[in-house]
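Okay, handing you the structure first.
We just call them A, B, C and D in the order they show up, numbering each chain from 1.
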Amino acid sequence: MYYVELMLNGLLIGSLYSIVALGFVLIYKASEVINFAQGEFVMFAGYVIAFWILSLNFHIVAAALLALVVMVLVGLLVEWSVLRHLIGRPVVAVIMATIGLASFLQGAAQLLFGVETRSVPLPIDDYPVFIGDLLLNRVELVAAVFAGLGFAAVGWFFVKSRYGIALRAIADDQQVSLAMGINVKTFFGIAWAIAGVVALVGGVFWGNASGVDTQLALIGLKVFPVVILGGLDSIIGALVAGLIIGLVESLAAGFLDPLVGGGTKDLTPYVLMILVLMFRPYGLFGEKIIERV
Amino acid sequence: MKHPKLSFLALAGAALTTVVTAGAANAREFVLGMQCDRSGPTQVVGNYICDGAHDYIRLANKMGMFGEGNSVRNFEIDHGYNVPRGVEAYERSKEAGHVSYGLYGTPHTYALTPKLTSDKTPGTSPGFGSAGAANGKSYPYIFPVAATYWSQAGAAVQFVMDEWKASGQSGLPKVAYLYYDNPAGREPLEVLRDIQGRVGFEMREYAVPPPGVDMRPQVLDIVRRYKADWVINHTFGKAPAVSIKELSRLRFPMNRVIGFVWAAAEIDMQAAGWEAAEGYQALQFAGVGQNHKVIDEIKAMYAEEGKPPPEKMNVSVYYNRGVFIGALHARAIVNAIEAVGAENVTGDDVRRGFESISDFTLGGFMPPLNLTPEDHEGGGWVQVWQVRGGQWVPLTDWMQGYRDVIMEHVANAEPPKG
Amino acid sequence: MSNRLEVIDAAKSFGGVLALSEATLTAESRRILAIIGPNGAGKTTLINVVSGVYAPDAGRVLLNGTDITGRRAFEVARHGIARTFQNVALFAGMTVLDNILLGRNMLMKSGVLKCGVFWGAARSEEIEHRRRAEEVIDFLNITDIRTAPAGSLPLGLQKRVELGRALAADPKVLLLDEPMGGMNLEEKESICRYVLDVVEMSDTAVILIEHDMGVVMDISDHIIVLDQGRKISEGTPDHVRNDKVVIEAYLGKEHAA
Amino acid sequence: MINRETGTFKRTYAEDLAIYRTPLPKIAVAVIAFVVFVIIPWQGSEYWLGILNLIGIASLGALGLNILVGRTGQISVGHAAFMSVGAYTAAVILREFPGTHWILAMLGGGCAAALAGMFFGIPSLRIKGLYLAVSTLAAQLIIEWIINHWPWLSGGAQGSIYIQAPTFPWIEDGALVSRKMEANLHYYYLIYVVLAIGILFALNLFRSHLGRAFIAVRDRDIAAEIIGINIFRTKLVAFGIASFYAGVTGVLYTYFYSIANFESFTLLISIQFLAMCIIGGLGSILGSIFGAIFITMLPIVLDFMLRGVGGAVFGWDDAAASAIMPQWNLIMFGGLIMFFLVVEPDGLAKMWRNFTDYFRVWPFPYV
């Protein structure tokens, strides 16, 4: 029973990893940028919504809408001011730019909102739900629903909407898309804006779970094994891998920790990731890059 | 090593020369070097502690504590919890002529221990660094000055045992030790295991790997499988808030949780929610809250300057620790001045100044601190405070626990070679 | 010593699409073997199978009797098979000289330590191989551009440099994948001369893929015609020129009549 | 004339293989060596020597990483972990075999790190690009975890091992004695001699066949394989060399701090080294040094400037400056990195080259 509980809770946490990973994958899909500042995005979103709720006493819905606007603007601003200029540059340069961005956002968040830790209050009862003897968390159930909605919305966007199809075309071949009259830069902006919105979902729930301060950005470290395991350019990969990692982490803490006498929860996802990569170099769902001579 | 100094950068040279500003004749500005983390992973702690130290030093200067015309400059440099930068910060304040040094962070304390020793400058590491440094013979220039992790472990177990007895339950409690899986988190393990072996209670260890933003599996195990009676919580950073939140969600009674000194601040409760934390207990090595003479004096100083008291004062756990650190350095410097005269004070004199601090309480703000050449910890006193109605209230008097066991470990602490 | 490369019944398919089947050929020293065929006929696939880029699904590749089927590409190269690429694969940032030296890289044996110390063994090895590289540079008449970055050169020169890189390896078999693509007549003629010189002056067997029929007919000793992965004709230039099947493949049925 | 190559006057291949083929750089190197090894130690204060020591150690580490990232094109986010492998190996050697000479311990640390690096380079057989980059992140976490949980290796719960200060021969009263390194000056010579050897080694490597193979693998790996380069072996060699540099870097940190402590080699430090390579200039030796200087000096210079400006303009005292500076520091640090990448993607080394090229082609504006 304990292990079933462990696994269920692992899956719930995993869905929260997925939603952070989603923003990461979106940006990569559109512009092949590895965003090392994804964690900082989540942190910044947490600060913003906490600011509206705590400092200005807005209702949670109003606060979320306002935060949404802010995060879209932040996403657009980042793309416009920095990433746009790095199109076609070596991968490492882009990685480094996002590391710089991470530092910038850390400093800016502190300067704008203060160093204090705050919590995002949610109108959800803290008391867990019991299904039989199984214990589940209300907040996380709600979060999982939001994560699912997020994935569904993004999935719909990519498959059905005009903009999504254009984004996919860009991901396929930037040159051809340019020739087809698609304004690539606009769409990079859109991708960053969506990533900002997705970060908000992560910011609300992670900010509620562990409080908002600059340390919230560390959630970004959790994202790497998820996106690599799932495949950098796969939305469904982010979802599945997030759940897998949540599960594996939970089981590692339950089984392995007592055996080795140390915390293995953060390590096992990475080990699993490397093992999978040795057999599937582009992750579980990632698109294989075919090289020609 | 007396080379004529030629600065490579005009900028740096200019900045360095401003460091050594002479006041009136014979008046001396003592440099108190401090490093701080205000931009790295422990910034939520550093920003409060370091401000507290600044305010106390300012107060001491204003009160003329260091004698006619003399003053102390608190030369603080942020290192962002990055060791090379911490070493640079130390070198810079050494260049500025510091006589005493405030360390920040366990790895920095390790990296700078040999340097402090060879430079004969006393450095304080309250609540972090090596517990073995309580042994003044092995670590002559390192002053933990507050209860080390070993002393905290002893006191925490003592508190658990006392409460268990008071609750009238039979047998011995099942204890869960929830710890941050880094050297600082593991340091109390040897002492805890030793005490557990001697007392005979049941204990399980739960490691939380950094950064500890999620610890559901561990907490589930503690509450639902192991069914612990007591939790000893030795976590840092985000982990204390997360642990409190998780434990309270599973309805673990908060008055069966005791936190170490870095899982004990208002900001952690704020992040977890004060209601969730109701009943939570934690160890403190300095006074909490604002009902202290010294805090009133700092407020008065601000009022005199026509400013409101600093907001950071509200996170009193950390702010007050900063005041505590500042006060100890000031005290040691005053002792050194009394011993050899202001113009002669060196780092070594300040070390002796630290070692001659006795029965220092700052008006009940601190445990009765007695530092000696042998004991650089000052007794390892802590006080248990509890969250009640959205604030910290004291639960016990200043206390120690299993002092004999801990002193055995301290005596066996290996001196740093080198 | 004469060299001999044999491909026996090689086959390769990609995701169910047959790119090559039952390909058999023999290349020998002092002879130029040309492979022709329309686009998508499987010429480059054949070369890729020989040089180890793809492992064949079936069949064997023998070099002087040694089975090298399915070996990794760098091992095949070390056995003495060098090639050029349809789309030039020079290292654009490196100088012409360094590119040509890279052809001899696999012959250099100094380990990390020797390379790092350089003086002594690594240096004399470098000088020895440098001498051969300079010979190739002289042979190809590119002395004046030897310190230019390869990427800055016009396509014709790049193709020549790539030929130089392959020659620098002193190969037993030289695979040329459209060495004259995109060149004008004059450039084509000069490349032809170099290829003929190579065949004449060394033991190298040459396999040539080329679209320019005139060139192929003029310089090759033996021609193989591929279409849709199969060999449809083989023989001397005269034989192939008049083969109905070939004309059909190239121009369609009505012209064959 | 002394800095220009007009035509080819070399008579032997050996002459053409020289590192510096015109007189001016030779003179410049001699001058730099004189400044580094005579003038600076003679004139420098303890503080500046301390800073230079940190820069020197960082330069060596960045140089090693640049061989891997810049030259061979394999992104590594785990460089600092290999430093800790070197650091602990040396410390354990000195602890278990107390008579061992510190130079041997240093080489041992380098070799152990090289082995570890090659082990974690094995995934490069199949994994490429960004996927590999994240795999090296795994190396960082795995190595940290192992050190953290292996008390014999890490020296107990504290995860740190104090070491004896290295010694050097010294003449005192006419007799040869062995002295402990104490002052920054002593470490200065140690660090900069090692750095000089490291630079020379890298320069030699770059003009050998291995150096060419690195670039070939970076630029076109498939073509490189077809012309006979064993890509996997080349990558492993690059991982090994880079990690050897990292290991020695870790040992130098250990000697300089007198303690091996893995918390000095976190992911943050790995990222900082990556930043040094990218900001300095990928694949460039000079760039590695520029990057190390930039990353080490930036917080210090910002600190000086903000303190100065804040004091002059806003009347900040130490307390006020301390409270506000770190945030500006973060912002400016991140901002400058982004600015540099947008303005000069090839790094500081390229800026320097633009500057020197101006004189090389003088009196013409361009070649």
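Quick note on the criterion: contacts are C-beta pairs under 8 Å (C-beta built on N, C-alpha and C of every residue); 3 or more make two chains touch, one makes a residue touch a chain.
Computed from a prediction, not measured in an experiment: that's the story for all the values here.
**Student:** Within the chain touch network, how many edges lie on the shortest path between chain B and chain C?
**Tutor:** Each step joins two touching chains, and the minimum needed here is 2.
**Student:** Indicate, using Cα centroids, the chain positioned nearest the centre of all protein chains shown.
**Tutor:** Taking the mean of C-alpha atoms per chain, the most central one is D.
**Student:** So using the touch definition from the top, which pair is joined by more C-beta contacts, A-B or B-D?
**Tutor:** Looking at A-B and B-D side by side, B-D shows more C-beta contacts.
**Student:** Going by average Cα coordinates, which chain is farthest removed from chain B?
**Tutor:** That would be chain C.
**Student:** If you average the CA atoms of chain B and of chain D, how far apart do the two points sit, in angstrom?
**Tutor:** So the centroids are 35 Å from each other.
**Student:** Just the number, please: Cα centre separation of chain A and chain C in whole Å.
**Tutor:** Once rounded, the distance between the two centres reads 49 Å.
**Student:** Return the distance between the CA-based centres of chain A and chain D, expressed in whole Å.
**Tutor:** 33
**Student:** Would you mind listing the residues of chain D that make contact with two or more other chains?
**Tutor:** Residues 148, 222-223, 226, 326-327, 329-330.
**Student:** Mind pulling the chain A residues that touch 2 or more other chains?
**Tutor:** Residues 106-107, 110, 221, 261-262, 264, 266-267, 293.
**Student:** Two or more other chains in contact with one residue: find those residues in chain B.
**Tutor:** 38-39, 43, 47, 181
**Student:** Give every residue of chain D touching chain A within the complex, in rising order.
**Tutor:** Residues 69, 75, 123, 126-131, 133-135, 137-138, 141-142, 145, 148-149, 222-223, 226, 267, 271, 274-275, 277-279, 282, 326-338, 341-342, 345.
**Student:** List the residues on chain B that touch chain A in their complex, please.
**Tutor:** 38-39, 41, 43-44, 47, 181, 204-211, 213-214, 216-218, 220-221, 224-225, 237-238, 241-242, 245, 248-251, 267-268, 270-273, 276, 315
**Student:** Which of the residues in chain D come into contact with chain B in the complex?
**Tutor:** Chain D residues touching chain B: 42-48, 50-51, 54, 57-58, 148, 154, 157-160, 162-165, 182-185, 253, 256-259, 261, 263-264, 268-269, 272, 296, 299-301, 303-305, 307-308, 318-319, 322-323, 325-327, 329-330.
**Student:** Going by the contact rule set out above, which residues of chain C touch chain D in the complex?
**Tutor:** Touching chain D from chain C are residues 51-53, 72-74, 77-78, 82-83, 85, 89, 91-94, 98, 101-106, 108, 110, 112, 115-118, 122-123, 125-127, 129-131, 134, 165-166, 169.
**Student:** Show me the residue ranges of chain B that touch chain D in the complex, using the header's touch definition.
**Tutor:** For chain B paired with chain D, touching residues are 1, 3-8, 11-12, 14-16, 36, 38-40, 43, 47, 50-51, 54-55, 58, 73-78, 80-85, 87-88, 91-92, 94-95, 106-107, 110-115, 118, 130, 132, 181-183, 186-187, 189-190, 416-418.
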